[in-house]
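Each of the next two complexes has chain A plus one more chain, namely chain B in the first and chain C in the second.
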Partner chain A sequence: MNLNQIMTDLSYFIPEMMLTVILLMVIVFDLFQKAETSIRAGYLALGGLALVTLSLVGQDVSTPTGIFSNMLAVDGFGRYIKLVVTIGAMLVMWMSFNSNELKERRVGEYYVLILTLVLGMFFLASATHLLSIYIALEMVSIMSYLLSGYLKEQMRSNEASIKYVVFGAFSSGILLYGFSLLYGLTGSADIVEIQAALAAGTISPALMLLILVLVLVGFGYKIAAVPFHFWTPDVYEGAPAPITAFLSVAPKAAGFAIIIRFFNVAFSNAGNPNLEAWTALENMNWQAVIGVLSVLSMTVGNVVALQQTNIKRMLAYSSIAHAGYMLLGVVVADQTGIAAILYYAAIYMLMNLGAFFVAIHIKNAFDTEDIEDYQSLGYKAPVLGVLMAIFMFSLTGLPPTGGFVAKFYLFRALIEYGDQYFWLALIGLVNGVISLYYYMRVVKAMYFGKMELPGSVHNAPLNVTILLVILALPLLFGWMIGDPLSAYAQDAVQFFIK
Partner chain B sequence: MDQLNSYLILSAILFSLGLYTVVTRRNAVAILMGVELILNAANINFVAFSKFVTHSLDGHLISVFIIMLAAAEAAVALAIVLNLYNDRRHINVDEANALKQ
Partner chain C sequence: MADFIFWIIWALIVASAALVAFGNNLIHSVFALMGTFLGVAGIYIFLNADFLAVTQIVVYVGGILVLLVFGIMLTNKISSAQISQSSVQKWLGLIVVLGVLTIILTAVLPHDWVGSITPMAFNETVAGIGKLLFTEYLILFEIASVLLLGALIGAATLARKEL
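On to the complex of A and B.
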């Protein structure tokens, strides 16, 4: 590792460096703003993220490379997740400009925290070393605690934050203990070398199971999978609504990135040259464990969501269920499975952000988060009603929306893998039917509830409508034009393996 | 090797004590202290494995980073606890139930 090597590595690190510079610029810029003009820091942050997106798109990932002594990897998989995260952050910032919760307060540091969170997720999407995984995870977690408690004079926000920090610190401690055992048993902290040591098969199955459980606690908490989901509903309800939308999408995508990278590389036979296809490690049956987690997440998420009356809380449980669907793809972490998860992550970002943004606007305009109060909204605000219906159809997974195509790819990956996971696909389908009930309850309230025809029609501000249409169009028409996203997701499945 | 075992037993005891503290305490600060115990158990593991098994500096390096991050996390967590106290005049986690279950 000499200076030339570092300079070469830095050339692979341009998006992250740009993000860091923008972050520092926003901090300094914010110093010169009064509270009422501090929103300008947000505009600067949004512009900066647009530049980062461009540099990500232009990044050359044709040959996966390890940088900084293989602490981080630059590959197609990481770049895809980074793009999802950056675009999600830009959409959330756009909606934050319109949120009443953030009006009349100093918001400069709010945007700085979002940018730092994005930087943490960049690292998480590319970490290949136990140390870099832990640092990235903590970076994401600490920023999430701060953001969920951002409305510090509100009791709900404080409570969300304290619950998040207690659960988060606890599960990252457990994860770290698992990492320390993994390090001692394999003699290395690099996930590729760990894979080689594990594949040698000298470690007893009981210890392997212990490590698997400890690691799953840490990662499962990040993606809010059952049974590590207890913080989710409270945090999602109490945090500022744009942050809830962001937390339900971006850290989840980054959490899936690290799960996939970790399990696909460390707990597999990836390094064995005698094997043609990818297989999981023989002496550790993690596929079944993840399958059980996935069934639990889908079922608990959907069944509890049935009883919710608050829209944010309902979407929180629905996000737990969606984590379950995406875990189906982790069970078969081969080429098709991972491509299906990547596709799902992008579609899920669009439809979930859309649903949250409509909820935020309705809270702004009608001051309610209660699904009951959505009565005849379809007539009071026709444009919002139609858009919300599209997002709900897509979250359910009804054709012809993007949500249907995404679920279809996941189930296809399961069935193609072989007969042993057919039952998982069946349970997933049954869960889709359960979720129909509570998503359609929103649509029913909007269109078929007690009729009270309004005197005047409410319309959202133009920029909110544009934002929502941008989210809805790919869901409706994306797959009709040859599905470019699916091809892009398939190309993105390439990992850095030494 | 015996020496390694005694370190591992020490860290396992610390880990269990930390777990016990987190599960049984109601006070937010006490829970955070339990988390610190868990983190330090991991630290002992890393340093012991580094000295007796891998003979490299990796483990030492990781434990230094963990100490740093634990401090950052504690700072944020205590600020949040302070917020909760300003709001409610107590810091009991199980009484923070304004959000409906």
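On to the complex of A and C.
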């Protein structure tokens, strides 16, 4: 690898470089701001992310390429996840401007940390080497710890941060142990070369299973799948609410990106996930293991969410359940399955951010997070009520919302794959019914029962309403206009292999 | 001779690790940790990883350990609080550890690890590592710098007084 090669690779690296430059600019800019004006650093960060989005859209990924000695991949799959992450970050920044929790404190660093988190997720979405996977994972994790502890004078925020650190450190250690075994067995840290060594079949099934479990612990914690979810409710409850919203969608999407890339490349038989004839590794039945994780995540997440009274905790458990739904797609892991996950990730981002943003605004305006206090909200704040109802319907997966279409694609992928995973689709459907109960409880509180009709109507500030409408419109009408997202997700299933 | 030294290092690691885990005094545990760190550096030397061995001593013994001692010394109310640790749930812990150990050993031991190793003459590694850091692993080196910058800013934010 010489200097010329590095210069060529850099031309594939423009979004990341832009993001780094913007991050540094925000740091320097923030130095010149007083606490009251530090929000301007946030505006700069948001503008910067808009530019990064443009450069991502313009990026040429028609031929998947490995850059920097194949440490990172530039391909359609990575770009899709990066777009989901950046757009999510922009929406979260927008909502952060309106959050009461962040008023009257220095927020420059808050936006710097979000930008660094986004950069970490960019790397995670494109990592193809054990070292780059690990560094990206740590970057995402460390920034998440810092952001969840950002309200440092609140005990709950401190608790969230410290719990996250302890769980995170532990699962990183376990992941590294798995990686070290992989490296020791295959003599390579590149996932394509690992695949070649594993497919040779000289490694005993017991050892393969051990590696699978160790690697799954590390990745599973990032997507908050059961049984690696214990940190989720406390972190989600204690962290600043916009960060909770962000953590429940973006690192989850990036975590799924690395799971899919890693499993589809390293643990496959043919080593070419772009082919129709892709099959999983023979002496390691990881599809069944992921199927079990998926069932556990869906069931535990949904059943525990039933008992929650705090809206943030309820959404936290429901996000565990949604990780379970998305894992259904990983079980299939062929073209349709991955496209279904990508579609789900984008739709889930819209509806979950929407639900969180309404909750944040209700907290700002009425100072409550209790679902019971949503009583007659549909009359007190009609616009918010309708929007919240849309997000709840979509999270449940009821037609005609985007949530329904997303679930439909996942179940279709399972059923098309063959009879052996039909039961998984059934369990997924049953879980959809369970989730109906607790999502509808919010709607019921807002519209049914004993209503107190208020004298005046509460309206959210215009910019919050616009933000929520932006989130809700694609959920309602996306599929009517021919579902462009679905076509985009299908095109994005394109991996780099050497 | 080399075998003899290897087993001494091995004994040092295990004995001092046991002291860390089962000792009752936190300060004793921290100092026992030094034995583990030095022993691991010794293993690295056996693996011809000279740079790694020196880094292990500089970072862990010189940095982490000193940080731990300072952390204990600077903790508030040091005179009143008892600096001790107790091993709660000893038996449950023992069962879990033995279970995990059995699983790992049954999976790892049957594999022929030694057969895949070819003995090599000692080559100093510092120059090679330096070269690799700026060619093949360049991007990781750069990413790590952004990671550290972010961590530093975050740590300063959490630690400073709110103005």
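Simple rule for what comes next: the second predicted complex is superposed on the first by the 492 of 498 C-alpha atoms of A that agree within 3 Å, B and C clash if a C-alpha of one lies under 4 Å from a C-alpha of the other, contacts with A are read in each partner's own complex, and residues count from 1 in each chain.
The rule is simple: a contact is a pair of C-beta atoms (placed from the backbone, for glycine too) under 8 Å apart; a residue touches a chain by one contact, two chains touch by 3 or more.
Treat the numbers as computed from the prediction; the structure is a model and nothing was measured.
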Report for A:130: first if it touches chain B alone, second if chain C alone, otherwise both or neither.
first
I'd like to know which partner A:184 touches here: chain B for first, chain C for second, both or neither.
both
Report for A:238: first if it touches chain B alone, second if chain C alone, otherwise both or neither.
first
Answer with first, second, both or neither: which of chain B and chain C does A:174 touch in the superposed model?
first
Quick one: classify A:203 as touching chain B (first), chain C (second), both or neither.
second
Check whether A:160 is in contact with chain B, with chain C, with both or with neither, and answer first, second, both or neither.
first
State whether A:17 touches chain B only (first), chain C only (second), both chains, or neither.
neither
Footprint overlap on chain A, where chain B in one structure and chain C in the other make contact:
131, 135, 138, 142, 146, 149, 152, 161, 181, 184, 187
Would you mind writing out the residues of chain C in touch with chain A in their complex?
103-104, 106-108, 110-111, 113, 116, 135-140, 143-144, 146-147, 149-151, 153-158, 162-163
For a test of understanding, state which residues of chain A touch chain B in their complex under the given definition.
130-131, 134-135, 138, 141-142, 145-146, 149, 152, 155-156, 158-163, 165-166, 169-170, 172-174, 176-177, 179-181, 183-184, 187-189, 233-234, 237-238, 310, 313
Chain A residues touching chain C in their complex are 1-2, 6, 20, 23, 27, 35, 67-69, 71-72, 105-106, 109, 112-113, 116, 119-120, 123, 131-132, 135-136, 138-139, 142-143, 146-147, 149-150, 152-153, 161, 181, 184-185, 187, 203-204, 206-207, 209-210
Can you list the chain B residues touching chain A in their complex?
11, 15, 18, 22, 28, 31-32, 34-35, 38-39, 41-43, 45-46, 48-49, 53-54, 58-59, 61-62, 65-66, 69, 72-73, 76-77, 80-81, 83-84, 87-88, 93, 96-100
